[in-house]
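Alright, structures below, take your time with them.
In what follows, chain A forms one complex with chain B and a second complex with chain C.
The block that comes next holds the complex of A and B.
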């Protein structure tokens, strides 16, 4: 019984971390219909940036989020303006090709800068846990969950309470209409992509504490993050949270009670089952493409 | 503007193609006068880029030292290194290209059993000697190849023999009673762990947990929790790097301290390993290793100092394996006085070679016949503890102290 509860707790915690990693991805897909494979590369880049800040300036990785977030915002802005804006009128599948190519290019650039060496950020809490009765709650995961809550609430407020957020949503729901009322949809698109990328600042920071990271680490995350947002409903923030928690728990339960071999397959099974049964995901909605397009 | 870029790209492409062809023709014509070319494809990007990069540096130091001392057969040596991006299909086309298009004089192997498996088949088909710095998985040697030589002291199954022997030599009341065997799903790590398990089970140590986790596993918390629940005294993990560090971190988080901890490969990456788990926590961790920077083997001192000077760090084991691999090939070429592949193959089968990794000799299938060293982290540095004649430390840390 203790093992079962511990397994579920670990699953929820790692799920919270996954939600943090996936939040920007689902925003970018929901608003822009861009399947952003580069997201995983940005996460690893932010993690390596956190390593530099931590090892050179001795700033705690959690505080470093305040530096990496604006940096990643501008990285996102620049990436959008230079590359992705050019395929906006192309089919969605083109975005996969482009962002995958970008991810490989970024991996190469990181390899030249940081070499193929694993970097670890080890603040005092990296290998510690909060102990509650017989249960261990790893501190880094708990902080990661906290960061996920902050980031997701901030995104939610931004989208629902601010003018920029309303502009983002309106240009995603009806681009022509948004343009008619005077919204500059090109700027809004760049802004959305930049905000989505900015979330990797917090994600990368937690990633650097949880794992040893090197440029090719990004490949571990591409399918995992896509699995999460497919399950939750692509584009839905609450969906990303539910998807991440569900997959976190499914992963730990499978790993403990079935086998580790199956634990990483869970993601692919989830994608298949969701596509068969509920293609729009848990929180997604069925858009009438004939009217929207 | 856009048009201009396209035109510029086209010009660059045409010029580059011309250069490639010119280069190719030039190489084809250089049979005896020019440098001896050595073809290699390494995983310089992708999943295996860490050992791949180390191997590249090891090969480069070898070529530099060799050329400084007059080269091979009076000719300079030129390395032709391609990047296979850690892909099994790319490496096949890479070695095909090196042999048929670039017409290299000699080949050297790549990293990991995964990539050496297909690469060695290409070399065998073209009757080219293929000395590999990694690739000790059992199935590599069961294909009846004659041109394949694995240049590490022992194949995977026997890599940890000295470790098993030490565990079983402990007095019965101190000896671990139960053991856990997590291993990555990797053709190299699995046989090492199976080798340990077979020996320890035969010696009466009960297996209480075993699992094979996929290469893409990132979450080790549940594995650590399951091992803790099993109460194992000894943990032997078949790790590459990231997984080894992650499992130890997860053990630390749940405060689980096995009496004995062995990992393949990961602890040999000295700097990256100790910064990954905290240098205080390395105390007492065992691993098997093919080479040590302190070892008194041919050219080892020169290799270590040149490497340090060039790259600013101690060479990792992977770099030393690459250097030793090249030394083996070099010895054979010098002995037969040519790059005749059949003569080199016969010579290597018949002789023992002395390299930075110590003595290397092979059976008919290319399996090495010597033994790995057993190393242990002690006071923030790795020490050789067995065999006794090569040891750098007289004591063994046992039981492993608690995590800090």
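The block that comes next holds the complex of A and C.
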């Protein structure tokens, strides 16, 4: 029983971090209908960047969020302007191919820079735990989840309380309507992509403490993140949080009670089952498809 | 002597094929180049397969390499247990891949666009994970080592070379043949507009499953041969997403939807891989170059080399099509007979709609709508925007499923039938904004509809003599015969309306639903379409027309149904409708003056 509760608690902590990882992906899909596979590459890149910051400047990885987030914001802005903006009128599936291509290019660039070596950031607390009653919670997981929650709350406030946030949400719900009331949807798209990518700055910094990272590990994250946003409902931020918590727990339970190597299979099964049975996920909605412009 | 481009093309192809056939005999020592060519044949085969599902049918998959892995593992596992040449099992690799394709293909009957891409990615990763985890069957991450070929070293890789060459040639021939058949035309129709394809009788689920099988089976066979060639397989190498991405790149570079594009692409992509791998052995450089090239192709050469060249050629050799001028007297030419045999007699109205309801979230678009359409009438359906007219059309044709209510056509209940079944029952429909298949020619658009589903029909030529003649007649009837060979997307809106009418006439429909046939076209064309409707009606075809052009409606339709807030609020003779206070209040307006009275004023 204690093991079960412990497993679920750990799953929730992991899920909180996953929620941050997936938040930018679902935001970008919601506003511009792009399945941004590059997101996973950006996460790994930010994690490796954090590794450099930590090993050279001795800055705590969670503090490095303050550096990686703005860096990734500009990376996102530039990526959108240089690449994604060129294919906005192409079918959604081609955007998957393009973002996949970018992910591979980034993987290659990371391989040239950092070689295919596992790296992880090991601050003093990385192998310590909090002992609360019978439960054992790794400090890194707790801090990581805490940082993720802080960033997610900041993202939520940004989207709900600022003009830019409202512009993003209105573009997400009705691009034509947003354009009519004076929102420059191209700038909003670039801004959304930049904000979505900025979350990989914080996400990557947290990832660097919790996981061993190497360039090709992005593929593992592609399927994890897709599983999360598909389950939650693609485009829904609350959905991503719910999906992340649910899958964090499911993954942890599977690796504890079945085996590690089946844990990742949970994601593939979830993707297949959800997309076949309830394509809109938990929080998504089915848009009316017949309205012709 | 002048040689036609066709002769040149066939000559070059023949020469190329000949060179490939004699290459291993002429240069038996060139093992490296043989291997490169083997990889080219393999990639071309896989890319041709991908082209069937992504190029013809329009479903982009990133899981295509799974078929390679399934074929390879089928052969690998069998050769562990049976000590005969693994090549014997290669066809079984194809069978296994084909069966898997049936399952994967069934998923696209539900998932569209991004959902399908994500499903294929998950499917590939799932296969890889199963290969790793079912170690008892697959050897897990340690992989499977196949026996070494028994033949002498002098023969070397020649058997693999010729087998994979043969599989590639078969793939090319099958692609070419598919594109010519009714099956291939149905796939293109699905790519261009899936709902429309269903509405004109294309039984889309069967087409999509067959397309997936056609795209995967030969890859499975090739995978079996390839496994023996490699003599070692493991899940990470065989179910590799980077292989999928190479397949995609080869097809995109060469030209998606063409026959030779994937082959050309394979001849470009494999050497590129070899060069980047050779120049810089570090994995990173290879991936970097590969990613940049793929990205650049998607952004700057989205149609691929062959279609871009063809477009350039056509622009240089443009031909103008004379616009057909007609006087109104031309309209009164003898019309073609639409119904080849008289329809079965029925007891009630031809179309009977009872208590239809459709909700979109909180909005009830259609709220208990009931009406009947008698055979032989031209029935008008009018009402304010948003009153639910088009939604009713969508439920009658099966694009939407009604939340409640019944629809009967010719005494048969149709509201649970899929759209193509309704088309077979004699239902044809045009769209408010026309929905022709833009990349098809006008005549292809007209022959695309199917009156019934027959398996043997799938393999028939897409344009047969009889149907071609029929299409010609119908196009002549609507006055569009001169445009038969033009791509539909090049036509004006009004011309598209005429072609769309000819298209649904191919279905020999008993009831035709027209959604705003007079919207956005010039007065001359309005007159022509009105004449066409009356002429077809004279032959016994029944019409249900949504239209806002009141003078035309009043002149053409009888009876008229009036919808408001999702229900029929009035129906009857045009004169009655015009003076009905309920209709004036809901739609026409208090100051509506009958056209007759207006003339006097």
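In this text, the second predicted complex is superposed on the first by the 286 of 293 C-alpha atoms of A that agree within 3 Å, B and C clash if a C-alpha of one lies under 4 Å from a C-alpha of the other, contacts with A are read in each partner's own complex, and residues count from 1 in each chain.
As a working rule, contacts are C-beta pairs under 8 Å (C-beta built on N, C-alpha and C of every residue); 3 or more make two chains touch, one makes a residue touch a chain.
Note that the structure is predicted; figures quoted are calculated from it, not measured.
Asks: Judging by the criteria at the top, classify the pair chain B and chain C on chain A as clash or fit.
Replies: Verdict on chain A: clash between chain B and chain C.
Asks: Report for A:176: first if it touches chain B alone, second if chain C alone, otherwise both or neither.
Replies: In the superposed model, A:176 contacts neither chain B nor chain C.
Asks: Have a look at where A:116 lands relative to chain B and chain C in the superposition and call it first, second, both or neither.
Replies: A:116 contacts both chain B and chain C.
Asks: So in the superposed three-chain picture, is A:215 touching just chain B, just chain C, both, or none of them (first/second/both/neither)?
Replies: After superposing on A, A:215 lies in contact with both chain B and chain C.
Asks: I'd like to know which partner A:89 touches here: chain B for first, chain C for second, both or neither.
Replies: A:89: touches no partner chain.
Asks: First (chain B), second (chain C), both or neither: which does A:98 touch?
Replies: Only chain C is touched by A:98; chain B is not.
Asks: For chain A, which side has the bigger count of touched residues, chain B or chain C?
Replies: When the residues of chain A touched by each partner are counted, C comes out ahead.
Asks: Based on the superposed arrangement, let me know which partner A:14 touches: chain B (first), chain C (second), both, or neither?
Replies: first
Asks: Report for A:108: first if it touches chain B alone, second if chain C alone, otherwise both or neither.
Replies: A:108 sits against chain B and chain C alike.
Asks: For A:275, decide between first (touching chain B), second (touching chain C), both and neither.
Replies: A:275: touches chain C, not chain B.
Asks: With the two complexes overlaid, spot the stretch of chain B among 3-11, 93-101 or 255-263 whose C-alpha atoms clash with chain C.
Replies: After superposing on chain A, the stretch of chain B hitting chain C is 93-101.
Asks: Can you list the residues of chain A that meet both chain B and chain C?
Replies: In chain A, positions 107-108, 111, 115-116, 215, 219, 261, 264 sit in both the chain B and chain C interfaces.
Asks: In their shared complex, at which residues does chain A touch chain B?
Replies: Against chain B, the touching part of chain A is residues 3, 6-7, 10, 14, 107-108, 111, 115-118, 120, 122, 126-129, 136, 138-139, 211-212, 214-217, 219-220, 224, 251-252, 255-256, 259-261, 263-264.
Asks: Along chain A, where are the residues that touch chain C in the complex?
Replies: Against chain C, the touching part of chain A is residues 33, 35, 83, 86-87, 90-94, 96-98, 100-113, 115-116, 215, 219, 222-223, 226-227, 230, 234, 261-262, 264-265, 267-269, 271-272, 275-276, 279, 285, 288, 290, 292.
Asks: Mind listing the chain B positions that touch chain A in their complex?
Replies: So the residues of chain B in touch with chain A come to 44-47, 49-50, 52-53, 86, 182, 185, 211-214, 216-219, 221-223, 225-226, 229, 241-242, 245-246, 249-250, 252-255, 269, 272, 275-278, 281, 403.
Asks: Please give the residue numbers of chain C that touch chain A in the complex, ascending.
Replies: Residues of chain C touching chain A: 58-60, 62, 107, 110-111, 113-119, 121-123, 125-126, 129-130, 132-133, 241-242, 245, 248, 252, 282-292, 294-295, 298-299, 302, 360-361, 390-391, 394, 399-400, 432-433.
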